[in-house]
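Shared chain: chain A. Partners: chain B in the first complex, chain C in the second.
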Partner chain A sequence: MNSVIRGTGYPLVHVPDMVLLNGTTQTTERIVNPESEYLKKLGDHIRTYEQACAYYPNQVYIGNYTPEILEEVEFPWYDKPSPVSDRFGKYGEIMPQEEFYLLMQASDEFELLFLEKAFVEKYKPELAKNGIITEAILDRIHEGVELEQIKKQVNEHKAEPLRSNGELVGYVKNAHAIDENLSAHVMLENLVSKASSVLSLLYALKDAGMNPDDVEYVIDCSEEACGDMNQRGGGNFAKAAAETAGLNNATGSDVRGFCAAPSHALTMAASLIKAGTFNCVAVTAGGSTAKLGMNGKEHVNKDLPILEDVLGGFATILTANDNINPEINLDIQGIHTVGTGSSPQNVIGSLVVDPLERAGLKVTDINKYSPEMQNPDVTKPAGAGDVPQSNMKMIGALAVKRGDMDRKDLNDFVSKHGVVGFAPTQGHIPSGVPYLGHARQEILDGKMEKVMIVGKGSLFLGRLTNLFDGISFIVQANEGVEEEATVSRDEIRGLIAESLRDFASSLLESR
Partner chain B sequence: MSILEGKKAIVIGDRDGVPGPAISLCVESAGAEVVYSSTECFV
Partner chain C sequence: MDLENQQRVLDLSNEYGAENIVVLVGAGEGEAAGLAAETVTAGDPTYAGPLTGVSLGLCVYHVCEEAVKAEFDPDIYDEQVGMMEMVLDLDEIAEEMEAIREEYTKYC
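So, the complex of A and B:
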């Protein structure tokens, strides 16, 4: 029995101060070139919360628009404010940085994160207004500390500062005196990932209309590692986030694979359900502070705002087949193997064309492809091109080569079967999965039948292999569960009685 | 004679463009020695 996608969560968090303090482009620049023009100009290019909300791609991500709106709005989008600029959307919200600091504290089990007293008094009531935040989460927020304590920790003890509009409002301290894996820097990154995963899980449950107690297993597929010096990537973000989100009946584990991790995790979740091991599995991932402002230098050079100013989160709830929701079909699965090779042609061939060929399908039989949903507003000015479009061109080229369509139809194929990129460049977040929520709705509405989700990962960044990676699967309209033929107890009694009668008759006849 | 003949090359590939190993093969076939090759990710 195939699993189904019951609901999805897609929150964003606008974190302007974290762009300056925690993005690796900025932290690296402060080390190698502290007096650089970039660092001097950067502050003038930070967007306000209102500007981040009035940004079309962000509104698509949280579900207030479908991706098609980006085909209608003239590119680039950063200078065209969206008329819809709501905080809350169908699949999530754009949470302000200040309320997120409180959620980070609620996710902190070891008293590592401290916030200033007046700050807590000001923003805790704001967070309490948010219907998705539970009483249990609010109860975990501390009263707050004096500013002097914060200054002392940041200035004298290497604590990581938390700022709001440049003002010091809190800190994250190290969890061990000498272990780098538990340093303030790592703990901040991990608390950010955990807290945004918690938020994602809550929105996915809401969308699925399910109770936290229904979830039996959680898989985290983010890109951070938690552990100490004896087990650097020991884990487990999944169970840690499940605890804060109140999933009391769940256990879980972490899956890693760079940007391909969400597709690996979804494959495993769908398999766990198909095998009957669990009935309800959540896949979740929080955001990365490291990638904030990653392409900032090019954006500032071109006098654009810093567009990588949001953390992204993602979660989805899979259950056993309910005969309604779209199914994950693991029979048509693309796999990039060790022997596949790393050329774009080989990668797309293994992930898209080969599985369709095995299933007797044409490339054009898939309504939409979701390979990598990076927002081109971010990547094009930085010289990385339009990543979703490049993927679609390669898929289209292989379709032409295979004879599935004519060369002259290539451009139409890209626009008809592709999805315009709308996801923040948060590594694992844009890889295939941002479209799951929209795809689920389109399939439920009967507008499409089959969508292919393609995850691709840059394994070579870990310097253990030069290999690329990827895995793909199909999401399809629910075909319904075939009723297995069953026989009731009464029917069995009837059959036995009938057999005994026949036997008795045969004995009488034989006399 | 290729402009790369006898040269030493540092290869930086792009994850969403041409990967390092592919560039290395081209550069080596043109007579250069690849002293470093990697593929980077900008997204």
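So, the complex of A and C:
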């Protein structure tokens, strides 16, 4: 029995101060070139919260538009404010940085994150207005500390500052005096990942219309590592976030694989359900501070705003087949193996064309492909091109090479079967999964039958292997569970009654 | 260009001599290919890596340029690069690479 996608959550968090303080492009620049023009100009290129909300790709991500809107609005999009600029959407919200600091504190179990008293007084009521935030989360927020304590920790004890509009409002301190893995920097990154994962889980549950107690297993597929010097990547982000989100009946574990991790995690979640091990599994990932403003230099050079100013999160709830929701079909899976090779055609062949061929399908039989959903508004000015479009061209080119399609149809194929990129460039976040929510809805509405989600990962970044990686799967309209030949309770009662009658009459006859 | 890769290019140039190195770029866009080519010829234009202010002037090509293609076994080239040839804007890439070679390369 295939698993089904019951709901998805896609929140964003607008974090302008974190772009300046925590993005690695900026932290690296401060080390190698502290007086650079880039750092001087950067502050003038930061978007306000309202601007980040009135941004088409962000509104598509949280579900207030479908990706098709990006085909209608002339590119680039950063200078065309969207008429819909709501904080809340079908799948999530764009949370302001200040409220997120409070959520980070609620996610902090070790008293590492402190916020200033007046700041808490001002923003806790704001967070409390948010229907998704539980009482249990609000209860975990502390009263706050004096500004003097914050200054002392940041200036004298290497605590990581938390700022709001440049003003110091809090800090994250280290969790160990000498262990780098528990440094203030790492703890900040991990608390950000955990808190945004919590938010994603809450939205996915809401979308699924399910109770936190229903979830039995959680898989985290973000790109951070938590642990100490004796077990640097020990984990477990999944269970940690499940605790804060109130998933009391769940355990969980972490799956890693760079940008391919979400597709690996979904494959595992779907397998756990198909095997009957669990009935309800959540896959979740929080956002990453390191990638904020990653292409900032190119954006500032071209006089664009810093578009990488949001943390992305995603979660999805898979359950046993309910005969309604779209199924994950694990029979048609693309796998990039150790022996596959790393040329683009080997990669696309193994992930897209080969599995379809094995299933007797043509490339054109899939309604939409979701390979890597990076927002081209971010990547094109940085010289990295339109990533989803390039992927679609590669899929199309391979289909031409294999004779599935004529070369003249290549451009039509790209626009008809591709999805315009809308996801923030947060590594694991864009890879295939941002489209799951929209795909689920389109399939439920009967507008499409089959969607292929393709996760790809660059393993060389970890310097352990030069291999590439990837895994793909198909999401398809629910075919309905086959009725097994079973006998109902009433039928059994009838059969027993019949035999008793036969027995009784045989006794009478024998007299 | 990745800081680690800049260091590797610099180390290889010191070890074997800049005149003996050919750098093959595989970037998917003319601009990105040009940035990589500029880094190994004029120096790191982003002022971030080990090649900042180091003008190696290396011989640099994109793998999809005709001159490079001619060096390959056609079957292997088709197997490894054929699909990307269909996808990339080859003229834009070649133009960008030629411009960089013209201006900064000392060895080809």
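In this section, the second predicted complex is superposed on the first by the 487 of 511 C-alpha atoms of A that agree within 3 Å, B and C clash if a C-alpha of one lies under 4 Å from a C-alpha of the other, contacts with A are read in each partner's own complex, and residues count from 1 in each chain.
Throughout what follows, contacts are C-beta pairs under 8 Å (C-beta built on N, C-alpha and C of every residue); 3 or more make two chains touch, one makes a residue touch a chain.
It should be emphasised that the depicted structure is a prediction, and the values quoted were computed from it without experimental measurement.
Trainee: Would you check which partner chain A:N466 touches, where first means chain B only, second means chain C only, and both and neither mean what they say?
Mentor: first
Trainee: Would you sort A:H299 into first (chain B), second (chain C), both or neither based on which partner it touches?
Mentor: In the superposition, A:H299 touches no partner, neither chain B nor chain C.
Trainee: Scan A:S390 for contacts with chain B and chain C and give back first, second, both or neither.
Mentor: Both: A:S390 reaches chain B and chain C.
Trainee: Which partner does A:S458 reach: the first (chain B), the second (chain C), both, or neither?
Mentor: The answer is first: A:S458 touches chain B but not chain C.
Trainee: Now for A:S343: first (chain B), second (chain C), both, or neither, which partner does it touch?
Mentor: both
Trainee: Counting only touches as set out at the top, which of chain B and chain C does A:R163 meet: first, second, both, neither?
Mentor: Neither partner.
Trainee: Tell me which partner A:L398 touches in the superposition: chain B (first), chain C (second), both or neither.
Mentor: Once the two structures are laid over each other on A, A:L398 reaches chain C alone.
Trainee: Return first, second, both or neither, reflecting whether A:T425 touches chain B, chain C, both chains, or no partner chain.
Mentor: After superposing on A, A:T425 lies in contact with chain B but is clear of chain C.
Trainee: Using the superposition described at the top, list the residues of chain A that contact chain B and also contact chain C.
Mentor: The answer is residues 343-344, 383-385, 390 of chain A.
Trainee: Which residues, counting only chain B, touch chain A once they are in their complex?
Mentor: 14-22, 38-43
Trainee: Write out the stretch or stretches of chain A touching chain B in their complex.
Mentor: 258-259, 294-295, 342-344, 372, 374, 379, 382-385, 387, 390, 425, 427, 430, 458, 460-461, 466, 468
Trainee: Enumerate the contact residues on chain A facing chain C in the complex.
Mentor: Residue list for chain A touching chain C: 28-29, 32-33, 36, 297, 343-345, 348, 383-385, 390, 393-394, 397-398, 400-401, 407, 410.
Trainee: Write out the stretch or stretches of chain C touching chain A in their complex.
Mentor: Interface residues on chain C, with respect to chain A: 27-29, 31-32, 35, 46-48, 79-84, 86-87.
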